[in-house]
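Would you mind keeping the following structure in view while I ask a few things?
Per-chain numbering from 1; labels A, B, C and D assigned in written order.
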Amino acid sequence: MSSHSESHYPHDMWVFPDAQSTTQDVARKTASTPGILKLGLAIAGVLAILGVVGFVLRMTSDGFSDYGAWGYYAAIFSYIFVITSSAPLVAVAFRLTKSHWRRPISRISELFALVGVVNVILYIPLIYLLPPINNPNFVPGMHGELQIRKTIWMEVPFGAPHLWDFLGIISLAVLSLIILWVSVVPDLAEARSSANGWRSKLYTLLAGHWYGTKKQWIHQKISLALLGALYFMMVVFVHFLIVSDFAMSLIPGWKDSILPPLYTVTGFQSALSIILIIAFTMRKWGGYEKYFGTSVFWSASKIQIGLTLLWTYHLFAFFITLWYGRMELEQNILRYLMFESYSWIFWLNVIFIFLIPFWILVWNPVRKTAWGPALAGIFILVGNLLFQIRIFVGAFNAGDIYHLGLFRVPPPVFPDVWDVFIVLGGIGLVAFIYLIGTRILPALSVWEVKEGAMYQKMGTLYRGEYLVLAKPE
Amino acid sequence: MAKRPILGLFKDANAAADAGDALKSSGVSDRDIDFLTDAPYPEGAFGEREEKHRLYLFPFIGATLGLSAAILLTSMTQLAYPLVTGGKPILALPAMAVVSYEGTMLGAILFTCLGVIFESRLPKLKSGLYDTRITEGYIGVLASVEDGDLDQTTGILNQAGAVDVKTEG
Amino acid sequence: MQEGRVLPAEQVNRDLLRSILETPKWFWPVVGILGLIVLIAAIIIGYMINRGLGITGLNRPIFWGFFITNFVFWIGISHAGVMLSAILRLAKAEWRRPATRAAEVLTIFSLMTAMIMPIIHTGRPWRILYWAFPYDFARGIWPNVRTPLIWDPSAILTYLTSSTLFVLIALIPDFAVLRDRTTGISHRIYGLLAMGWEGNARQWKLQIIAGVLLSALILPVFVSVHSIVSWDFGMAVAAKSWHSTIFAPYFVVGAVHSGVSAVAFVLILLRWMYGWQDYIRHEHIDGLGRLLVVVATGWFYFFVMEVIFGIYGREADEIAVRSLQFIQEPFQAWTIIFIVTTYFIPVALWLTRRARRNLWIMSLACISVNVGMWLERYLIIVPGLANRTAFTFSWNSYVPSAYEAIIVGATFAFVSMLLLLFSRVFPLIPLYDIKEGDILKNESVKIGRRVVPAVFRED
Amino acid sequence: MVSNRIDHKWGMVVDIDKCTGCQACVIACQAENNIPLNTKDTFLQKRVNEWIRIERYWEGEYPNVKARYIPVLCQHCDNAPCEPVCPMYATYHNDQGLNVQVYNRCVGTRYCINNCPYQVRFFNYWHPGWPERLENQLNPDVTVRSRGITEKCTFCVQRLRRAELKVERQSGSRLNDEALEKGNYAPACVHACPTSALTFGDQHDDGAKIRSYFDDVNAHNIHHEHERETRGYRLMEEVNTRPNVIYLKKVDQYPLGKGDGHV
């Protein structure tokens, strides 16, 4: 629970390594590709190919006319989208709060900007899949049929929702890439001389203008802050668009104002998880021990446990409201998404995303380790996948979407082998691109670590030795 | 032979820490040395002994008790008066969940507070050797030593720069 | 953000105990006036209990009016306490130190005030005990745990108990200081309260742990309290605009928004009343301002969600409520005022550092937030009831009676009176916390020519 | 419950087609149940207590307008939203399908009133008073509700209890339609209605007049409304409160042209 749980000896604490060695070290690590990484790349590549195969087969077998068959595709899209779009926020948010512990992991989170491209690609089929808002075969006076499906687009503007959501996703990708570039430039500038071959060319291209003048630093800081704030709002907004267009409005009569926040919270949770997992791997097998003190995991897991509780809280708020009113529509939605059709997925989802992580992270000694948060992270990622399946597969197979409400409980839809391919493939694709990214750009934000090294040191107060933390301005 | 308490007052924290070291080197076990301050100095600032405590058990015990109490209350009252309201089940679990949650937290917090009082050995009925200047920022080094060593200890404290040294009576 | 100089302990004691050890000459007059207002309100309440709720402006179908609005408002204010002291404590924000206790005490008193409201708004307040406390006599039956009106007392009483204990635990060391500064009967009382505290290492260690641990434990309670209050409305299927899933987080964020602004305002008042310039510094108000920008924006997000998904369904009765809120007289005017005062004015001000550091502007912003948040609750409750059914036959509006207005106004006087009286006997700024801050502060990191203020961290 | 008790599920059918909006039921209810007088200034205060009220809507534009009347009383819902929200169990569902209000448990939180979709619950803002000459007409079988509590239609439960005593306990025969009719045991409004637009009966009694309507409406829920043989429907069926009051649609011989109607 508290920072004071056990005794305080200097070795508990941790200060950043000295600035000099860092640059070369990180550059060396970026250039070299250890075997385990090669293996990872191979596996990811195979999975990605599987995914493509699955996609093609699904397309040839079902085509785009019947969107129901694409539920799992939508689920994996949303899974990837919500995680990769939220991931850069970890860097952004804790840069805004000026927390020192974020420094080593902020580049890990920014690198997810490279995956934003995947979101854009994966979205394109959905443009064809998402049925129109206006009921194409609407006959006035037809019993219980709507002319305009319930959506957030009141007076259905041009291109809604397909085009606008697409633009949202594209702008997210672009914005995150800009953030990545702004933040990576100083490191590249440092490495451009020492690096060799195509790297030095690329680095010079990207960071040729950077000489680390005072002015440049100030500009960099300000633009990072502004872009970060902008990106934060963008992300929340686009999450709202995606989940309400691709999940809520496809289940007739489902009107649930808490779903967007719930979705966003899930995204934050999983983003933090994947980042902690990557940090753990880099620390354990990548030779980055001396950059990742346990304090990173310790502070991050406090945030993580908060998010976990927040998720459950949102879920309960949703449940209790629908449960209390006796409306048939609401009861059916509860039955469909929670207690009948997708009941076991739902319970697994709750266990994986709440119960297990909570009981792992509630113990302070575990929070102070590197493996604890990472383990909890794995569970959260699985739970999140189940969540996406429950919501999106459910939405894509809810029956007549132009009907007034969900007045019967549809059966669940289980994946066939192509769906499994698609799901694995999506994950593989992301992993592949991300790993490639870590080969191109330094996976550790050198300038931030160096900055941190300036601001903290070990100091003695009377007889005890403590961490001395400086906070500028 | 009974041990007698002795209190040295220091203006400067460093001096107090020196006094502590001096006492230790003179053979006073650090179980008998205590530092009285008016503010929480970071742990180990005076090289004092490390305090063990079991505070973390209390919230868990409290939570379990509170949870079970709340569940009993809610379920029993509903079962004792099986009145149908709004077509809801007699044993309405979601409703019970809310009240049980509050009960759990209440239990946890009550026990934590009791735990804090208990673990910090309060209330202290008979006050030991104390000086009101401690709450003025002075630092009291409280040692309990054999009767015979009182003068020697006084010397050590004065030597370390004590503003004032008090013994009982 | 480490401005302000390190002060010797004697001076800290002298300054922060000033409110207790000597009474400023404005003190009793102010308390007297506030007391008078409260007395008048009490008389009116007595009259209301005697004559029945007929003397209020309530009618069909608006059965909940000013009182419930005010109830929600004060519950909202009460969320500042834990929000600040707990979250900032857990985040180890140095600038929290002077703010914590004032916030917690505000929590306690606003909770007490809030609890008065639902009691006096019932038809037969003298029977209220059967409601709030689950025991079985006089009517041979226990309360019905299926209703939010039972969740409410359970949550609020839990919150009240825990925050009171929270404050008391943190007060023990300060009681010791007072024990050493006072004589006679007060000396004995403070001595009793201090429980023989002498400030040895073990006591301090546990004191610190208690702070963090209790914060971590109270946070979930604090979230639950306002959620449950929101479910008083969210569970109602009949009032269309109330039956929304987002109400819980929406209310909680709104509560934090109004509460933190209220705390900022109270701090500014204290600084002005007791001359605590050295303790409540611009940096603290600035920090609260930054925090509030985030909170306000989060609140605005939930507000937008609530409205969008209100009209999302395009159902006639829902649209009717929304048009009542946003288009029709007189509510639409109030809605505009509410949105502007809650979000746009204050955030626009908080965005600039100069405004955040200007106490006058800050107090203005904080007051405007609370005006807005009060209106928010009013605009949720009354229009939601005004036309809540398909039966347009009994649609109706609501004008509060003077009695209601006076009682509502008096609650503000009540809270400020309680705060003043508290500050008369207990230190409103935790002395040991300030002193700790000073101890940890006196070390700074030198980078080149610049000396950056720094703090010791134990982890 | 009591062993030799015959179980009932009371219900009512309201034929809109027969209703002339004469307000006789309102007055009968007023007299039977000791409802405080709705004087001019209670109307001005918008605090009228009418356990059964006639809602009047105009259909069409002047000059070709039609008045539509619909008597609204407590629907005694099986899923009554008002019941679970009461902290005191002051209102609950009894074993005869009645939504009962226990006056001396009520503290007047008015949550039940807010949660009633039909707005048939009423609150005593003032202490009830009658002019001296009316004191004697108060019904001794019905409590006079004090100020500060909620009240509502009870299906004249006092009459039903008397009926159970007189018919079922004493003569042992089942309390069926004609027994209700003969002994004047049905709710006051039913007996007062000149066009007998209101029919009261026992849903468990196969011979009851209301039975067919309830069977029909229960058989076809709102989504199969068009399949119903009778004119029966329930108010606000989509809220799924499952009322024990059924309404029969109006048969309009000369309907107004489409488009100029509302409601």
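Just so it is clear, a contact is a pair of C-beta atoms (placed from the backbone, for glycine too) under 8 Å apart; a residue touches a chain by one contact, two chains touch by 3 or more.
Here the structure is a predicted model, which means the values were calculated and not measured.
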item: Comparison of B-C and A-B by number of C-beta pairs in contact, larger one; value: B-C
item: Chain whose Cα centroid lies nearest the overall Cα centroid; value: C
item: Centre-of-Cα separation between chain C and chain B, whole angstrom; value: 30
item: Euclidean distance of C-alpha centroids - chain A vs chain B, Å; value: 43
item: Centroid spacing, where centroids are CA-atom means, of chain B and chain D in whole angstrom; value: 65
item: Where chain A and chain D are represented by their mean Cα positions, the distance between them in whole Å; value: 56
item: In chain B, residues with contacts to at least two other chains; value: 41-43, 46, 56, 59, 81, 83, 85-88, 92, 98
item: Per-residue multi-chain contacts in chain D, two or more chains; value: 79, 81, 84-86, 89, 239
item: Residues of chain A engaged with two or more neighbouring chains; value: 1, 4-5, 8, 320, 324-327, 461, 466
item: Arrangement of touching chains [line / ring / star / complete / other]; value: complete
item: Sites on chain B touched by chain C in the complex; value: 34-43, 46, 48-49, 51, 53, 55-56, 59, 73-74, 77-78, 80-81, 83, 85-86, 88, 92, 95-96, 98-99, 101-103, 105-106, 108-110, 112-113, 116-117, 119-128, 130, 132, 134-137, 142
item: Chain D-facing residues of chain B, complex; value: 81, 83-88, 92
item: Of chain C, residues touching chain B in the complex; value: 8-10, 13, 134, 141-147, 150-151, 154-155, 157-158, 161-162, 165, 168-169, 172-173, 176-177, 180-181, 195-210, 213-214, 217-218, 220-221, 224, 228, 431-432, 435-436, 438-440, 456, 458
item: Residue numbers on chain A that touch chain B, as the complex places them; value: 1, 4-5, 7-8, 316, 319-320, 323-324, 326, 461-464, 466
item: Parts of chain C lying in touch with chain D, wherever the complex brings them together; value: 51-54, 58-61, 63-64, 118, 121-125, 127-128, 130-131, 139, 141, 143-144, 146-150, 232, 235-239, 385, 388-394, 396
